[in-house]
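Just so it is clear, A, B, C and D label the chains in written order, and each chain counts residues from 1 on its own.
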Amino acid sequence: MSSLEVTIGNLALRNPTMLASGVMDETAGSLLRVARAGAGAVVTKSIGSEPRKGYPGPTLVELDDGYINAMGLPNPGIEAFAAEMREARSCLVPVIGSIFASSPKEFSFLASKMQDYGAAAIELNLSCPHAKGYGMEIGVDPETVFTVVREVKSACSIPVFAKLTPNTHRLLEVAKAVEAAGGDAIVAINTVKALAISAEIRRPILSNKGGGLSGPAIKPIGLRCVYDLHADVNIPIVGVGGVENWRDAVEYIMAGASAVQVGSGVGRAGLEVFESICTGMQAFMEREGFNSVSHMVGVAHE
Amino acid sequence: MSSLEVTIGNLALRNPTMLASGVMDETAGSLLRVARAGAGAVVTKSIGSEPRKGYPGPTLVELDDGYINAMGLPNPGIEAFAAEMREARSCLVPVIGSIFASSPKEFSFLASKMQDYGAAAIELNLSCPHAKGYGMEIGVDPETVFTVVREVKSACSIPVFAKLTPNTHRLLEVAKAVEAAGGDAIVAINTVKALAISAEIRRPILSNKGGGLSGPAIKPIGLRCVYDLHADVNIPIVGVGGVENWRDAVEYIMAGASAVQVGSGVGRAGLEVFESICTGMQAFMEREGFNSVSHMVGVAHE
Amino acid sequence: MNKMRIATITSVTKEAAGITTLRFRDDAEVKPGQFYMIWIPHIDEVPMSASYTSAEKGITIKDVGEATHALSSLKVHDRIGVRGPFGNGFMISQGRVLIAGGGTGMASLLPAAEAIDPGRVDVLIGAKTSSEILLLERAKKVSNEVHVSTDDGSMGKKGTVVELVQEHLEAKRYDMVLGCGPERMLSALLKVCDKASVECQLSLERYMKCGAGLCGSCVIDGVRVCKEGPVFSSAELRKMKEFGSSKRDECGRSVRL
Amino acid sequence: MNKMRIATITSVTKEAAGITTLRFRDDAEVKPGQFYMIWIPHIDEVPMSASYTSAEKGITIKDVGEATHALSSLKVHDRIGVRGPFGNGFMISQGRVLIAGGGTGMASLLPAAEAIDPGRVDVLIGAKTSSEILLLERAKKVSNEVHVSTDDGSMGKKGTVVELVQEHLEAKRYDMVLGCGPERMLSALLKVCDKASVECQLSLERYMKCGAGLCGSCVIDGVRVCKEGPVFSSAELRKMKEFGSSKRDECGRSVRL
């Protein structure tokens, strides 16, 4: 029987699906629920130093083929998040702590807190497209990214993943900076800069105006990033963007991802999405003679 | 009655819809047909100095919400294109000559040819995401773009539009370079870098592997680019990306576009797309009390 | 998938002090107990239960802050954005039904009451004082057994609506209780129903951002109120540690109710 | 919208020298005269008419270059990608129908012949020499009137299939002619039909890249052969300046036929 187990660096997962940051992952209760639903790992909402309310509504636009969101990085702050992590840790699967910050020092501080809370790995959000001073403003500059990753690496001993933005022509340079700084994996992609307008109201729908596009609309974009990254970097890649069925997941893995994350798919396909990806992937692997997921990683390059 | 007439710089159009470059615009016959179908202007296929076959198939992947293409800039070359322009020029609407090249000098050469052929304006393709040495490799560098636009401007007297890529975080800088160099308008956006993989065949579907995403999937991305551009530059903007009905067109115009182009919409909604956008837009304008398209331009910023 | 539509206000009705009903046309099919996300341009987007579920939909708003104040101030011809309907709605069961609403809770309960044949539904409405008793006339159209309680005794029975429910459950056999109102009331209601061994379905409120089951801001014990709720059965409610005790604020912090 | 599917070859039949039929399962509904875009991984994607339109589809390939050679070399269990069906297909008309095919043109005509009640269809097959006469046995199953012409007279009438058509049109009343083959043949065929005042539908070939009505590489006088064609009526063909005289190469240059 084909095995779905994978490892990202030294992190072992029962299957290659993870919950993406920002979706049902702000509370212990929801993290535990997603783990029970079958995810191989769960990533927390991106947590910052201070509590943040996020933007006023609307924060989400629903499209036929995805969503545009500008939540504004709402989060309870790293102190209050201790309680959630304490409970979430009891989960069957690794809990990966996502963090955002505006300086290398702040990133290191948050990372060591997350490690203390029992996170199995850190995911650096270097890629939020709609929060001024955070996210992709940092993540498009290879030097800044290098510094952030190196400082976080020296501040903690658990694996450090860097989540990158597709909104730049310098993705590969940024990824190489992550690798050079000792980053353990690259997570690609965060949302794509986008906007929705209401013709009748004559203004942008999101209160923040700009937002980030996710879901099936961006799958071909994410797939391209993962494919290009696989050709250029040697650390593992986690594929994100529009994954909502086994075929999407297999495509990402063949492009070069060692695992995938599911965000919008939770809203669009329900929490069953993790189990149905795994069942479908296993059937595909048996049909096509793949014994393990690792044998599929990057085969589209051959 | 609300008027659909618009002007882009000194170019007057009977309505704000144009055929986008690369779609049914390689021959005089097809350009004339699209003009008859109701477009306010037609843009030719991007023409280079020499004939090019383009890539082997597959060159197109069809998706639920768009296409991924890597045609490879097939074109008959500027010399052979003289005959097409001679015939197409008899068309009721302006014919805009799109050109691609690998140096400022080559761009100028092609532009002056197009002017001789009777083009009403030039569109510089600075943004093709899948042809090595052309397109977006040039279009992400503000200095190169400045030089190209300035040289083309001095080589011809007709308006010069610069078509930009969304695959960069430097879009606004590039647009400002166009403006500073005397460019008459910005066309945004070209396709978004993308990939499609076949799980069963275990490889990318397009022969070129990477391609460009177009259609509804990228509408929110194009809208965002146009919105951001309108806030930052003062020359007119032509919106492209996923326009296939009047609502899409109105959204682009409210975001800041003076006109829109339709590419994928021709394949997805048929040649009727131009007429149906115009009819719908006119009805909307009458319902909402807009006398002219120019009154809608950029209103989403107010 | 619930795309935003723009709707025009067709009527504005002042129901009581600070309570306004807006009607608008929207073609979506809405079940009693479901809610909309309502966009008030330039202000905010907030969840509102459908208080009318026919072709001309309605919402009934209590003015408690910026968004609800702006909503309450809209006029005929003004425009709002609507997404939805979201959530599960009430399951209209067989047998005798008792409906118990506190405050704007009545807004989502009345469409449920109207969906039940008149002979088998009794309605109890609670408020602090008589001027806050909501939708009484509309309730009387669907049931001959409509009773009221006020904290100050200015109308109907003096006391809470939960006490009124308890009296009814003791006096008469009901097969189902439907409730909506402040969570402390709902938590007391669940106890009363459990004691009388009558099933209930209660509609909860949590801080909602996306409304679409995505962001997780509305979770109670990991359950999304916007998706798996807002209506929960006795069995589900009994399992929820946070029910009646804590909720999440805009930042996702746990706060006491 | 025509997404790529991966199909597995279920049978390979050598029809004649250099001519191969591949069968594969594809659930799309295909009309006679429509075509697929066939992806041969690592090689190319090329247009191929459906020569079988039942659940187990088929294509009949003439080996003329890299892609067709690779296709002709496939074995059972090999995989191809298929998009489509594309194009309009033949309109199956009332009355007596005469079918005239040259070369692999028979591939798209036979499904049309099979869709017409046997009593009212005659089939004419042309080729250079007897070994290149295609699908004769299959044609005989749908019509008692199957005739052959060869340039060298090695089988049937010596001469072109157009001459054979002319004879038939003179001898018998037909309501419609369906034709497919090299464009010079089709152009002669149109003249013959016009002279006899019989309507025809002819299937054209042009360089196709997208197959989906988008890129414009297949246009003839501004008309997309992949979308509005590949089958055109006499009236449409008469208006086309490029018909029978020029086509476009891979670069979009006009070249003589």
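Definition applied: contacts are C-beta pairs under 8 Å (C-beta built on N, C-alpha and C of every residue); 3 or more make two chains touch, one makes a residue touch a chain.
Computed from a predicted model, the values in this text were never measured in an experiment.
Trainee: Measuring centre to centre with CA averages, how many angstrom lie between subunit B and subunit D?
Mentor: Each chain's C-alpha centroid was found; their separation is 36 Å.
Trainee: Indicate the whole-number Å distance between the mean C-alpha point of subunit A and the mean C-alpha point of subunit D.
Mentor: 51
Trainee: Would you kindly tell me how far, in whole Å, the mean C-alpha position of subunit B lies from that of subunit A?
Mentor: The mean C-alpha positions of subunit A and subunit B differ by 33 Å.
Trainee: Among the residues of subunit B, which are close enough to touch at least two other chains?
Mentor: 63-64, 200, 203
Trainee: Name the residues of subunit D that each touch 2 or more other chains.
Mentor: If we look for residues of subunit D contacting two or more partner chains, we find none.
Trainee: Going by the touch rule set out above, what shape does the chain contact graph take here: line, ring, star, complete or other?
Mentor: line
Trainee: Which two-chain combinations touch?
Mentor: Inter-chain contacts occur between A-B, A-C, B-D.
Trainee: Tell me, which parts of subunit C touch subunit A in their complex?
Mentor: Touching subunit A from subunit C are residues 1-4, 6, 37, 39, 41-46, 67, 79, 81, 83, 209-217, 219-224, 242, 248, 250-254.
Trainee: Which residues of subunit B touch subunit A in the complex?
Mentor: Residue positions touching the partner: 63-65, 68, 136, 140, 167-170, 192-197, 199-200, 202-204, 209-210, 213, 216-218, 220-221, 223-224, 227-228, 247, 250-251, 254-255, 284, 288, 299-300, 302.
Trainee: Which residues of subunit B touch subunit D in the complex?
Mentor: 22-33, 45, 51-54, 56-64, 67, 69, 71, 74-77, 80, 83, 198, 200-201, 203, 205, 207, 263-264, 266-268, 270
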